[in-house]
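Following are the structures in question.
Two complexes are shown next, each including chain A; its partner changes from chain B in the first to chain C in the second.
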Partner chain A sequence: MTAADRASDEGQGWAVWLRSAGRYIREHPGLIVSLVIIGSLLATALLAPWIAPFPNDAGTATNLLATLQPPGGEHPLGTDLVGRDVLSRVLFGTWSSVGTSLLVIAASLAIGVPIGLFSGAVGGWVDEILMRVVDIFLAFPSLLLALAIGAALGPSLEHAAIAIVVAWWPWYARLMRGEAAAIRGRAFIESGRLLGLGQVRLATRHILPNAAGPVVVQASLDLGGVILTLAGLSFLGLGARDPVPEWGLMVEQGRSLFQTHPWVAIVPGAAIMLAALAFTLLGEGLRERLDPKGATRR
Partner chain B sequence: MTMRRLLLRRLPQTLLVAIGVGLVAFGITRLLPGDAASTWAGPRASREELALVREQLGLDLPLPEQVVRYLAGLVQGDWGVSIHTRQPVLDDVLGRLVASMELVIVAMLIAVVGGLLLGMAGARWKGRWPDWLASAITAILVSAPIFWLGLLLQLTVATELDLLPVAGRYDREFRDAVGEGSTTGLIMVDALLSLNGPLLISSISHVILPALVVAAYPTGLIGRLARASLIETLGEEHIRMARAIGYAERTILLRFALRPSLGPVLAALALVFGYALGNTFLVENLFDWPGLGSYVADSISTLDAPSIAGATVVVALAYLAANLVVDLLRPMVDPRLR
Partner chain C sequence: MNDVTMNDTTMNDTTINATPTKDPVAPLLAVRELTVEIGGVTLLDIDELETDRAEIVGLVGESGAGKSLLQAAILGLLPVSARVTGSIRFDGIEIVGASRRTMHEVRGGRIAVVLQAARAALTPTLRSDEWIDRALSLHDVPKAERAVRLAHALDAVRLDPRLLHRYPHQLSGGEAQRVSIALAVALRAELVLADEATSALDVTVQAEVAELFRELRASEGTAFLLVSHDLALVAGLAHRINIIERGRIVEHGGPEILEHPADPVTQALVAAKPALPRADATAA
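Let's turn to the complex of A and B:
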């Protein structure tokens, strides 16, 4: 390569970079779309107090002079039964819907992963008992178990979140246990044991990092499911209470008006779909990178 | 492994889990807010009446004895009495389960056919526009909140276009015919058996919308799973062989790739059934469908602990049975698992 060639290459460095970025976007459209949506969701969750046209409408404010206004003008997405701006409530709802779902996944991981890791790393009868307990929880369809526990705890956003965690952690315990048990038999763990490494160190420093990929992928795929479940519980009256701007509750509030004033329910429902879609695409994009064989495994 | 050995291994496991399901259900009845005895006796009950009800319901016994009594009751068919219908819970729940199953079975048929078609379209034209379209459809189906989909379909298909009824299980004029007593509980099957054409048409037109809504998530899930599984199979040696021989791409897909790809789909079928059953709890109320979902919705508003627990148990048992059936079927479809 001559000096001139090298100079022209450097001059086109940005073009090369742009071209490879373009190729990446073409090859992973789902990942890019999902990151854009998730970025916007994060931004709206954080900036809602500043970008919402009527921030007070996410709280106890009502405006009985402007009830059920159709979309347009002062209220780009219309107003609800008590005159609250739908756009403002949907923007504020990002935190109660998506934020709560993130917390639910984090709590489920915090319970399920250590139990699964312990179960898989120890093996034997402890493993057997723990996994039978997990089987019992997984014997219920997740939504139904969350619904029954939510009904037992009484309606509130916190209770709905707890109910979903109770229904969700066993999935991570089972997944983590399977990965840990598979890794436990591998040669590098055996040599670690011969070197005199303790059980805890082996489990946390050597098994966990190698088993984390599929768990991370599953957790991000599940976020969409948790968002839908949380919205479902709220829709059934087991989640957030008015005036909390939660998307599922907002759909429920628009339900009886749907034939005449559909925007009250359409807008928050579309927000739920968009958020669930983004996390599903993110999970699938991550799976391609971290756990390529996971696509056909449940 | 033969069917019998598989069954012998799985049955004790399933039984153990079933006992656990009963324990969880008992826990739910204890967690429910409010005192079961005062909910049962009503707000005007005197102290003596309350004590009597407490004794009748066994609430004065020590906890372990209550647990044993509850489990024994489940086995013997005594699931308690519903607070809001005042009927035995088992009768209530079984009757409602049949109505829900009618919805779920139709939804599962839609989901399997629709999902496989979407998956095949994606795998056949991978990376081209039919794949894009199929992927977009399945992504939306697994992301849309189904109660919202239900509202949208009711507004567009039922109200605006007037193509299908908005809600209910059959038209009002058939109330006497259905009320006379049904042989199977599945109205469509009843209508077929009694050769009642108008009732059959009425019940089918009523089931389509709610079944489509219940099928949404399962269709998307099966579609995405089938696509991934088919693409994996299409990369295998025997497919390259078939291509080299010169079979048409369609023949390859249907004759050589489809069956070996069904394993993961079938393995997920029990899970999908669970989703479909769970989804009925979100939409039955919307469509005025007299199944378990509406029953539980009524039970929640009346804090009816025995009914909620009963419905939870019956759904879990149906789900367990589905898991068992799928585990037994898998080696039949995929001989590599034998």
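Let's turn to the complex of A and C:
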């Protein structure tokens, strides 16, 4: 009450900020919920060594005297087949799963965005050639392509990540190219050219900032998909190897125990779901703000 | 006021005064026997088109008559597939076949452009002050000087400096057009190509922008090439008028040509404007 009074008296200050923040939360619940979850995930990824009850269990440690303990007591979420604390492994797994997925998206953007921007901004035969290359990549089902690359390179978390990047970047190249080509026809690009701006500056300073919205939205929507794909590859034995605490791998390890000791698979499974959901909500929230016309695919 | 070096020895009058220079030897812009051919079709065939310093010249024609193509040619921005013969000289600099470096100096810097869609011509993600600042830096205006030039330009176009902190979508069409014109002033452009610069504005704002052109000609010595289909605007502003049709100048002369049009195209353009105000050569 006092805060509201002060705000109406002064017409500014933290109370106003608080009220507008409140309104924002009411208007964009999905965005806020997702930001809270993602914030916690990032905090977890960074703080895992300090907050995990058994940090050594994320590594090579085993405890054969306490295998498959049910949730409760010393192990709030139970232990797995070799006695490792499931909570600790899921906390450490945040970095392996979410962190790796963020890197995968970042790498895909780093490859796809410049290619798409160049292609769309220059146009002509350069555009044709680049987009045919992209088409070739897109002609393969991306999961199969990732599977093949993962199989060829040998199973490891890094190789799975590389495989996903190879399968993923063409989407960004194509989306970016379409946006850039549309922006290129706008009057302010014409006026930039008439002002004497060169191609590079036009592309990076004038086309990119105005074309980035849908790409950002798509990337955040894709994060959930990448987390799932990465977990899927690990589940299939093409990604992370034991003892890396990767969520997909942990689900796979709990698969045979599901009837008798469900927590071993359910806990990392729930973590995957939560992370994928959070990023999808984030993407939807960003879409409303950055790409109201819906250029991005669902 | 005119701090650009004159690299043309034939230029005998380097001072700018408010009256158009009538020296036929050294017009600011001289287009001679220019032809532009794209895909085997001759789209422009212009014997002569001149603009003196501090002169307002009108180029009037209907859509597709070649107005935009002529502008692109003057700025050296014709498509690579275009075959060009003849000559376009700006202050003695040959633009047809000019090097990149030469064009960088001329385009945007000494020849500025004001487009029809004022707001759409400004990059949506840049505030107006950023936009102007970047354009000045692109044309090698030292940082210390930019603020001075900008202040002068804002004064010249009577634009509230507070508007500069806005993004294009927060400006009205007339304000956005003033931002574009302020940039031309800040760049100390000697020639402004005004491409239908008032067509998208409502009538009162049109009159304000037209008045602004007149003032800038007098105060800054800026020459204007008004490219338009709006005969009334051109008749009220221009010292000389060129009527273009199918890539050719079919009639040219003072505003009086509109009172007794000789060419059928001009007659048609005049007839299409029943409320044409009396053309007045001394209006400026």
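Just so we're on the same page, the second predicted complex is superposed on the first by the 275 of 298 C-alpha atoms of A that agree within 3 Å, B and C clash if a C-alpha of one lies under 4 Å from a C-alpha of the other, contacts with A are read in each partner's own complex, and residues count from 1 in each chain.
We take it that a residue touches a chain if its C-beta (ideal position, glycine included) is under 8 Å from a C-beta of that chain, and two chains touch if they have at least 3 such contacts.
Note that the structure is a prediction, hence the values are computed from the model and not measured.
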| item | value |
| --- | --- |
| Partners on chain A (chain B, chain C) - clash or fit | fit |
| Partner chain(s) touched by A:G185 [first = chain B, second = chain C, both, neither] | neither |
| Touching partner for A:G269 - first (chain B), second (chain C), both, neither | first |
| First (chain B), second (chain C), both or neither touched by A:L281 | first |
| Touching partner for A:G73 - first (chain B), second (chain C), both, neither | neither |
| Angle, in degrees and to the nearest 10, that opens at chain A between the C-alpha centres of chain B and chain C | 100 |
| Most chain A residues touched (candidates chain B, chain C) | B |
| Contacts of A:G248 with chain B and chain C, given as first, second, both or neither | first |
| Which of chain B and chain C A:G13 touches, first, second, both or neither | neither |
| Closest Cα approach, chain C to chain B, once both complexes are overlaid on chain A (Å) | 24 |
| Overlapping contact positions on chain A, where the chain C interface meets the chain B interface | none |
| For the chain B and chain A complex, residues of the former touching the latter | 13, 16-18, 20-21, 23-24, 28, 31-33, 139-140, 142-148, 151-152, 154-155, 159, 225, 228-229, 232, 264, 267-268, 271, 274-275, 277-279, 281-282, 285-286, 296-297, 299-301, 308-309, 312, 315-316, 319-320 |
| Contact set on chain A toward chain C in their complex | 186-188, 190-197, 201, 205-206, 209-210 |
| Sites on chain C touched by chain A in the complex | 75, 77, 103-104, 107-109, 112-113, 115, 117, 120-126, 134-135, 138-139, 168, 180, 183 |
| Chain B-touching residues of chain A, taken from the complex the two chains share | 30, 132-133, 135-137, 139-145, 147-149, 151-154, 224, 228, 231-232, 235-238, 248, 251, 255, 258-259, 262, 265-266, 269, 272-274, 276-277, 280-281, 295-298 |
